[in-house]
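Following this message is one structure expressed as structure tokens.
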Amino acid sequence: MCNKIDVAIVGVSGYTGLELIKILVNHPHFNITYVSNSEGGVSVKELHPMLDGVIDMQVQKADANEISKVASLVFLALPHKTSMGFAKQLIAKDLKVVDLSADYRLELELYEKHYCPHEDKENLPLSVYGMPEFYKEDIKKASLVANPGCYPTASLLALMPFVKYLDENQSVFIDAKSGISGAGKKLSDATSFVTVSENMFAYNPLKHRHTPEIVEKVQLLEDKNLKINFVPQLIPVTRGMLVSIYLSVNENINAIEILKEYYKDEEFVRIVSNPVTIKNTSGTNFCDIFVAQDGNDLFINSSIDNLLRGASSQAVVNANLMCGLDQSAGISKIAYAP
Amino acid sequence: MCNKIDVAIVGVSGYTGLELIKILVNHPHFNITYVSNSEGGVSVKELHPMLDGVIDMQVQKADANEISKVASLVFLALPHKTSMGFAKQLIAKDLKVVDLSADYRLELELYEKHYCPHEDKENLPLSVYGMPEFYKEDIKKASLVANPGCYPTASLLALMPFVKYLDENQSVFIDAKSGISGAGKKLSDATSFVTVSENMFAYNPLKHRHTPEIVEKVQLLEDKNLKINFVPQLIPVTRGMLVSIYLSVNENINAIEILKEYYKDEEFVRIVSNPVTIKNTSGTNFCDIFVAQDGNDLFINSSIDNLLRGASSQAVVNANLMCGLDQSAGISKIAYAP
Amino acid sequence: MCNKIDVAIVGVSGYTGLELIKILVNHPHFNITYVSNSEGGVSVKELHPMLDGVIDMQVQKADANEISKVASLVFLALPHKTSMGFAKQLIAKDLKVVDLSADYRLELELYEKHYCPHEDKENLPLSVYGMPEFYKEDIKKASLVANPGCYPTASLLALMPFVKYLDENQSVFIDAKSGISGAGKKLSDATSFVTVSENMFAYNPLKHRHTPEIVEKVQLLEDKNLKINFVPQLIPVTRGMLVSIYLSVNENINAIEILKEYYKDEEFVRIVSNPVTIKNTSGTNFCDIFVAQDGNDLFINSSIDNLLRGASSQAVVNANLMCGLDQSAGISKIAYAP
Amino acid sequence: MCNKIDVAIVGVSGYTGLELIKILVNHPHFNITYVSNSEGGVSVKELHPMLDGVIDMQVQKADANEISKVASLVFLALPHKTSMGFAKQLIAKDLKVVDLSADYRLELELYEKHYCPHEDKENLPLSVYGMPEFYKEDIKKASLVANPGCYPTASLLALMPFVKYLDENQSVFIDAKSGISGAGKKLSDATSFVTVSENMFAYNPLKHRHTPEIVEKVQLLEDKNLKINFVPQLIPVTRGMLVSIYLSVNENINAIEILKEYYKDEEFVRIVSNPVTIKNTSGTNFCDIFVAQDGNDLFINSSIDNLLRGASSQAVVNANLMCGLDQSAGISKIAYAP
């Protein structure tokens, strides 16, 4: 077998960093040579006791110089803003970067409107949006991939097949439900067990910052401006995401056939004949999509694992493509269920 | 204190029957004299062990004759079809009836289309739809009240204030989430813990039979036909219901003010300034409603306890009104939370 | 009806403070005149939105002087140490106090060993341990009641009937499981949804500080020293507590009969014929107890609502007794289930 | 690479059958050639929709003759009694069998006392109890392995290191908590979401039939009879098992050192320094063990995935050993957490 490619993971304290380790430690072609967080001075198994017996490595305090000596591709699982500071240095050293933050997902103006001043304007235009179903060929040639957010991943995969049947500026309603791990590890009342168990609630309705990411990508891919009304919600589920899209198309279509045709060559999208469930995709890189239709009104329903298809496994698919590997190398298709 | 009114509960095996007992056993003006299920021969505490020390009564095999001797008002917590068979007999004996089934909720044609042939065509036209916010005066005079379904309750309370700003035949999208108790006690794969925990999924999307109930009531109340696209979903929650309604109004409105004005005299509807939560209404008869607006697009968000406001406590409010009592007598406003 | 007794609640931000409000707002003989937390400047419904429409009161910054003007009995729902500082002042003003903290539960030496130096040595000897089944007559005469911890409540109620059949210094094993609300509102990794859901784990095994509370009370009540091995655990449940006690008795007994006889006059203890469940007591002041026996080895199994019987409703029972009221006034026997 | 070994799975409808497919479909040395249930006539993905895109195979109506043509090793994931009927036929055809039922776990007399008359007395004495830590060399030579129950697996792994420090006939207390999947797929009130959520309860306390399995194996391995008091409980968790063992040893020992020494060469047992958690082993074949000690009293605490270490992955470890493969081939050490 050919030599493995050395990779680094920057930001292994959080959930997506943990998932990256879990995927990469058994990857047939990648070899983890470096893991880091903001402090270092700890082992992986001290940070994540469930990895005792799986990986025996020290966590470093992140340092771009050190990384460049031991890896040729880097996964950044960092908060936005911190991430671009790092990416810039790594790209300068000719490393390939898959950035799981929001920093390279949007065009400049939109980014600065919704986040903060951009600190790597040089590389931003070179980044490729890492949704393989839409940008596979670009990803293969990219050295900087912006890994999509979980909400945009589940939403765009469900929405795109129908955009051509929508009027310009049409209202689209997205009712999105996320497992609690999507909120990250930071402690808050909203993610404590007592708040979440036997409960459900929306947050930031109609003003979540994943909305512009969806709008922009639709615009870029189909040259059509939509009015996306996006409502994110937390459900008493650890991992997984369910998205319901409601819209009215402008002509008489056969929605299920359009969906099947659109994804007929995609191994990580399954068109299903019953409403999607969270558990059927949890643990996998699949996006399941279902559609129901009443005249011109559609209910489009998608499910992904927010930490995998919505973050870490999609990141590894992107890395696979960037390195000329089969996109499915090391990627799980086996759900955790039951 | 004046004499209490004797009441019977027919169908105490299920969740709504249990909730009726829990409310009525401490009610200041009602006195439970008779409880029954389809078999009898058991005590309440054998059927519901948590009521040991609370109520010491035998469960009878339901018999309309016996009931008429000991009660003047009857709650029917029965499956549809069985219910109308019973109601007919009780009404013939001049008893007041609150029917929690679907049997008297719809006009004849619609009922027979979605359920089965109606067996009490005589009384059907006399029944009043038991949503106190919309039919209070009629309920006070009624001797047969059709208690609304849980989905229509949460949906209509959220939707009605905005119907006048909708075009005829406009598409309205209702994304509804129900706790598992809403499916009743009957065992099924879909309600087993292993299926439900860490999961969420829609069922009967765009074809649930609560849809015509919503459409009909809008038509009757506001003389407007809407195209309701209704998607019910199960969430890993025991009790509670969250409804998201998405629609576009036909003029520039101030949605939150309309909502506040509409319910300014209603003690069981709370207009809240943050997205609603299930836990804030669980255990109560409240319906919480929130609205967010982006131009003419609205997100209307309501929460109820599916077993209380969606069934048993609304039934007791109706009984209160039918008996000339204060509507809030014996009705809980105290949520179970945390 | 006679005049109501004015009561204050100090510490309404936490779960037990919230539960006190929920009980007292509908209490037939108590009238809440004052609620406070450490900051004040907020209304009850801002602090606890689910109480909107239930109670309309400002939360004060706690002040003993102010309290003495408006209340004759005070519930302290404060952390230990803070609580005794307050209690001392209130007692000096001749107010009755029910203290929900640990500050007056233990004798001096034991308290200082497990907590901190005691700052109210004067009143400590006057306090009565607020477990009505064991100290009812003392509670009636007390002006300072130390409300028991949740673990000791469920453990002692299950254990005491069998202490006389145990040898001195015998090993008793208590495997206790608590809902997450027992850990209070303070944010921690251990109580976040992602940690708790689909999980279960012990903490402080064999060294939890509720152990000495159990040992001391057994000693005081039955003059017998036991070796209590106590293991607390967190379960993915919001409220409720299940205790399993394992021990070997020193003679041939009929365990179930002993249990029934022991509690035959107690309305808040139910001896049940199947293993106890959390849901049958959640929402109530009941303690359910079950026992199974194999020769001299016993499995004693009890269930309480940790926030009610383990804190706030037991506190109100104590207050009822201190004020000469029926112990069950305002106390719920109706479980939340389903 | 050498040729793969063809294997069959009989009984793929249930949870353990599903888990076997999930493990074997990616196994480096086994090749699934045949899957069956009691009816046949369905595809794997119709039975388990989450396997769409993973395995494309028809489920057969189980037939020993057919199996013998296409496989050399068979996993039986059947109910007891059905299983031995099948095993007998397969062994007669010289196939290797790993039986996940109880049929070959106990010696004849004990089996017939707790289950039913044994129908394969010929092969019963040849079966090896499939707990690799205790019977590895025997398993390597076996053609019939009785895969242990989940409760005995977690209990014996925790208990065995300390048996030599126990007196004959000593009382040992095992408080065991199982995720709901352990009850299998059969619908029952006890496993419905409404019953289980926010709840916990014991069943068959002191008389579960996994008790004799534990007693017998201790007797066979250490020639010591113990009085095992076993209490199984259901917790609101889908998969996973937590066991607490309470006992008093007869001499002064260093419990943690004994544990470490006992399992120093075992890759699937982790001795951990904090109480075990369910989530750290869910998704893996690990058994985590923790011990706390107060004098001679021990709290021994173990965690396994009930469907993997407690059934399917342990079965594949056994199959690996029976076929001369590395025991860890195809076995996951990566927990699902978070």
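Order of writing sets the chain letters: A, B, C and D. Residues in each chain are counted from 1.
Simple rule for what comes next: a contact is a pair of C-beta atoms (placed from the backbone, for glycine too) under 8 Å apart; a residue touches a chain by one contact, two chains touch by 3 or more.
Just so it is clear, the structure is predicted and the values come from calculations on it, not from any experiment.
*Asks:* State which chains count as neighbours of subunit B and simultaneously of subunit D.
*Replies:* Where subunit B and subunit D share a partner, that partner set is A, C.
*Asks:* Computing the C-alpha centre of each chain, which chain sits at the greatest distance from subunit A?
*Replies:* In terms of C-alpha centroids, the chain at the greatest distance from subunit A is C.
*Asks:* Determine the centre-to-centre distance between subunit C and subunit D, using the mean Cα coordinates as centres, and give it in whole Å.
*Replies:* From the centre of subunit C to the centre of subunit D is 40 Å.
*Asks:* Find the geometric centre of each of subunit A and subunit D from their Cα atoms only, then give the gap between the two centres in Å, rounded to an integer.
*Replies:* Distance between chain centres: 36 Å.
*Asks:* Nearest whole angstrom, what separates the Cα centre of subunit A from the Cα centre of subunit C?
*Replies:* That pair's centroid distance is 46 Å.
*Asks:* Identify all positions of subunit C at which a residue touches two or more other chains, and write them in rising order.
*Replies:* Residues 15, 181, 194-195, 197-198, 236-239, 279, 338.
*Asks:* Please give the residue numbers of subunit B that touch subunit D in the complex, ascending.
*Replies:* 15, 180-181, 185, 187-189, 191-198, 236-238
*Asks:* Provide the residue numbers of subunit B that touch subunit C in the complex, in ascending order.
*Replies:* Residues 15, 18, 22, 25-26, 49-54, 181, 197-198, 238-239, 267, 270, 272, 274, 279-281, 283-284, 286, 307, 333-338 of subunit B touch subunit C in their complex.
*Asks:* Which positions of subunit A touch subunit B when the two form their complex?
*Replies:* Checking each residue of subunit A against subunit B gives 171, 173, 175, 177, 179, 194-195, 198-203, 205-207, 227, 229, 231, 233, 235-240, 242, 244, 246, 248, 275-279, 282, 292-295, 297, 299, 301, 338.
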